[in-house]
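Supplied in structure tokens, the structure appears directly below.
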Amino acid sequence: MGDLLGVAVLGAGHMGADHIRRLDRVVSGARVAAVADPDGTRAKEATAGIEGVSVHTDVEAALDAPGVDAVLIASPGPAHEDALLAAFARRLPVLCEKPMVPDSTGALRVVEAEARLGRRLAQIGFMRRYDAEYRQLKSLLDGGDLGRPLMLHCTHRNVSSPPGFTSAMLINSSVSHEIDAARWLLGQELTAVTVLRPRSSAGAPQGLTDPQFVLFETERGALVDVEVFVNCGFGYEVRCEAVCEQGSARIGDTRSMAVTRRGLAGQEVPQDYLVRFADAYEREVQDWVDATRRGEVTGPSAWDGYAASVVAEAGVRALETGARTPVELAPRPELYAAPTR
Amino acid sequence: MGDLLGVAVLGAGHMGADHIRRLDRVVSGARVAAVADPDGTRAKEATAGIEGVSVHTDVEAALDAPGVDAVLIASPGPAHEDALLAAFARRLPVLCEKPMVPDSTGALRVVEAEARLGRRLAQIGFMRRYDAEYRQLKSLLDGGDLGRPLMLHCTHRNVSSPPGFTSAMLINSSVSHEIDAARWLLGQELTAVTVLRPRSSAGAPQGLTDPQFVLFETERGALVDVEVFVNCGFGYEVRCEAVCEQGSARIGDTRSMAVTRRGLAGQEVPQDYLVRFADAYEREVQDWVDATRRGEVTGPSAWDGYAASVVAEAGVRALETGARTPVELAPRPELYAAPTR
Amino acid sequence: MGDLLGVAVLGAGHMGADHIRRLDRVVSGARVAAVADPDGTRAKEATAGIEGVSVHTDVEAALDAPGVDAVLIASPGPAHEDALLAAFARRLPVLCEKPMVPDSTGALRVVEAEARLGRRLAQIGFMRRYDAEYRQLKSLLDGGDLGRPLMLHCTHRNVSSPPGFTSAMLINSSVSHEIDAARWLLGQELTAVTVLRPRSSAGAPQGLTDPQFVLFETERGALVDVEVFVNCGFGYEVRCEAVCEQGSARIGDTRSMAVTRRGLAGQEVPQDYLVRFADAYEREVQDWVDATRRGEVTGPSAWDGYAASVVAEAGVRALETGARTPVELAPRPELYAAPTR
Amino acid sequence: MGDLLGVAVLGAGHMGADHIRRLDRVVSGARVAAVADPDGTRAKEATAGIEGVSVHTDVEAALDAPGVDAVLIASPGPAHEDALLAAFARRLPVLCEKPMVPDSTGALRVVEAEARLGRRLAQIGFMRRYDAEYRQLKSLLDGGDLGRPLMLHCTHRNVSSPPGFTSAMLINSSVSHEIDAARWLLGQELTAVTVLRPRSSAGAPQGLTDPQFVLFETERGALVDVEVFVNCGFGYEVRCEAVCEQGSARIGDTRSMAVTRRGLAGQEVPQDYLVRFADAYEREVQDWVDATRRGEVTGPSAWDGYAASVVAEAGVRALETGARTPVELAPRPELYAAPTR
């Protein structure tokens, strides 16, 4: 490998600061070349002690700063579309946090812009594809030893939801991970969604429909069910069981050290996604840096980002209406392969 | 305890013969006093070596045989109604295998007949209520430490289905266990049912809709989902996870001896219900014998048998129509308490 | 099967009362015909409500009481030898709780007395041989699929020791179970024993050497290590891992319902042997009743009881001296086969 | 952080090449500045595509090459002493693979040389201290919630041993990991060692004593037992259970994805240490690079390397003599703290 990859990081909030730290101290082969955040102080704090980095309040200035070879977008969702198009205009490779673009119309514009370029520049931050257990499961399903998958049973639990979390966000923020994971694991588009509402937990904020039970159908007839429960109180649990024609496989129950005391054999449950998926974030960014230095674009595509938006929007409508809601995708440009399987 | 309880066993087929063996050799305090089966040879074989038993081809003759104190009905479902009414007429306590009566109209007639007697005589053979793990779960839910239950996720898998098994039987034979277990665990009636059909497995017989994914709603808003897959090929798996407001509990993953060899740490999966629920059958019959000798009737009631019939019928309609189907129960006679909780 | 087996139970203390209950209410095919206890009140209380039982303060009177077909010895260890010889004199089959006879000299006299009779009458209460997991492990080892066993790693933990428990009793009361289990699982006699003393736990009573770490060698070169820790405070844990030439197998880690709450995924640890081995006691007594009614004697023999005494005595010497201590058995009478394997 | 740390890697064999790859592509903040290997071709192959690296057949030349800030020693054990002293002479921080020096006399010379310098330069490659589960266990023990540790039960199994592996190497190569882990976890020196020899496995090469069962005593009375079995055939298993006064904790049983098919619920067992401890190697080297760039030396010290040599030598004598063998350490120089706890 040659010189370090100079990365412009857009957004220096919680997620952006974590990516800046990761690029500076954890990931090999990259350096933070520029950071942009409307809040200049925040950007300065996040880059303290890093040599050779320029700090900006303007996205375009950061992209044009010296030494910038690639872009990592960690700004709020509504800012993603402009940032992506600005990076495309400069032919800069991009790693864009999810959601790619919050609304599917904007997401489609990004897809069309990249399709017009005729080559992929964007990778979307669906980091579960980089988790060791998800990769094991994907590899097992692709190997075909268990036969065709018929059902995925998914669980997505958080200890508690942040302030301002809405019933729709259980779908378009939480379940959006399962939307991409299901598309990727099965290699199929999702075609319809239904949302059931069990009684809400006394532990959920007033007015929040929590838990929800979401059902997806796929183009080749598999069924995906997701329990999403963001105020479960007891831990961060992400599980997935694939039921196939000749066997089943389950991930997410892994625990490490077992402690026995006072009549109980117990194992800790992680309390948040940064613990559970720490390795996945590292592997995602390292893979992106490595591929970019080789001149390649791999990983989840803008099409994957777009499809996730469309499904999430259908999910929110299904939550509101209580009805089974079809998912309608635009035609897939040739640039993007069908979901891998 | 005093003399042995003399039991008339109706039906000497697979299940009847097993109960005869159990009463004769395993259960304490009972003896097989009479056996009736239209196939006299079969009845004779099942009672070989048992002293003091009379063998009949006629049900009423068996009930009237000397030494008969109680009745265990293990004949085919269509014969249950007449047998129950004959036992009621003689004021004989009855343990009746499930389904109590295959159709809900007949089941209601049994309920009404017992209600007219003004006291309970019948216990229905929902043996999961006697399984150690189900009892642990019931006790935990009733204790209230986990808060109110919001969802039950259930799995019911068989290695393969017997010849002649129909798509409706996945509901009214297999899922009927989960119907009773959910009513009992939650202490609530089920109020609606929806059946989803993922693609059928290549391992299922031609024309069988297998697996199915069944959703029940309850009177206080809990959601119960059941994966039923009777040709899964890999084992007999019955699992249940209760998701509550302050925690979750899961049964059915218990394995015993762990063997490591050739790169695999493995544990055997039971291949059928007689292995998985052997203890439950013993405990059920022993409890029935003990209670009967004390002059009491405990355990699942005729109302539980009736409710299970009604829900199963609604489930079969839901399978056929694809629509959410309400469950309509007759008024509950005073004799029967609400589902315990 | 014919008439009920009439059993004389000797001893109506904690263990005796439990066996009386088991014979009366749980086990099929037996009845309690007589009970002897020096404390007549205790015997009466233990038999309250049982019909046709005679109560005695004298052992011989109980053995000679009407309806006695067999004997269950649950009196204190020092009374066992006389009781066994009295039963032998009457040709009565016996189930004798462990230890068969506390000292090996007395145990050898029992062996010789039975050998003179020329047929087996005694079964010794090593109930682990009737535990489902131990049987699975035995069956796996006997099947040979894992190759020859090289090591057994055993754990024996109690929450706390009863008053008056001595350092020697960790060997001759607690580890005596592992002594029999190792002989039975491996089908080999134990040939030497060493006892190591880690620092004693602050939770152990003053002066008690607890935990201890005991090493046994076998006649064909296997090594058996046992952690015995009778004041561990956290639960009753009995585990055994067999390490073989082509794989390993582990029992005793089985847990049932898993409960997740407050960041911890936990499973209950049983608190005493009556919970952990409840089924084993039932199966042991039921098997003894069944075999006795068939006129057979199966299960652990007087030789097994004798060998356990000899090994335990060597273990206590090894504890006292700190040295490796050989185990010296008398010649095995023809009546007794070598340890099964 | 400032400039990249330039590392001279000594040794370009299996382990050295892996560290070169790790420094070049995985670890952040470092670059490979020089490589030395007597086999120049091997060094060239291992550095193919790395910019700015110089290749040498001579150790001193590599240490003196431009851009070298620190040294990673991955040459064969007998070359370590000279390499360490050469690095000390240049005041270069060193990460030295285990064993630090194969014989304790040479190891003591290294300790004395560093002590004369008056400051630590060397970190020894006991990478288990960087494994997530070992760190969890260390943290739990140090927290004191379980009370004082009384015993460690350790298992160390390899699928098969490499050609030329001797009975002594089970101690001084395999068990040396447990020697350091026990010292570190307990914060105590080991004071005596005994080695037992169960029958050797038919799967072990002719003449190899495998498995062995090793017992260590510690200065405050804890007992450490290690099953080492390097031809177990079925997997790479490293487990450790700490038994404390108020509870026990176990690591190494962690499995990830569970697959059920054909009657077996199975989880893969890793086949070698590079899979099991991949993360530990990364974390070890990353931590060393980070600390070195901060001007600090952390991690296992030369004293830890020396103590491990002394214990391993005593272990080999114990294997040969069959006797309990005391461990005699030289006085600990002030530079080195007592084992942490």
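Letters A, B, C and D mark the chains in the order given here, with residues in each chain numbered from 1 onward.
Keep in mind that, in the parts below, contacts are C-beta pairs under 8 Å (C-beta built on N, C-alpha and C of every residue); 3 or more make two chains touch, one makes a residue touch a chain.
To keep track of the chains, here are their UniProt names: A, B, C, D = Inositol 2-dehydrogenase.
As the structure is a computational prediction, the values presented were derived from the model and not from experiment.
> In this assembly, which chains make contact with subunit B and also with subunit D?
A, C
> Check every other chain and keep only those touching both subunit C and subunit D; list them.
Shared contacts of subunit C and subunit D: A, B.
> I'd like the Å distance between the centres of subunit B and subunit C, where a centre is the mean of that chain's Cα atoms.
Centres of subunit B and subunit C (C-alpha means) sit 37 Å apart.
> Using mean C-alpha positions as chain centres, tell me how far subunit A is from subunit C in Å, no decimals.
58
> Hey, how far is the Cα centre of subunit A from the one of subunit B, in Å?
Taking the mean C-alpha position of each chain, the two centres sit 44 Å apart.
> What residues in subunit D touch two or more of the other chains?
233-234, 246-248, 255, 260-262, in rising order.
> Which subunit B residues qualify as touching subunit C in the complex?
Interface residues on the subunit B side: 1-2, 24-29, 49-51, 132-133, 136-137, 140, 145-146, 246-251, 253-262, 279, 286, 290.
> Hey, which residues of subunit D end up touching subunit C in the complex?
147-148, 150-151, 153, 196, 198-199, 201-203, 211, 213, 215, 220-223, 225, 227, 229, 232-234, 243, 245-248
> What part of subunit A is in contact with subunit C in the complex they form?
Within the complex, subunit A touches subunit C at residues 233-235, 237, 255, 260-269, 271.
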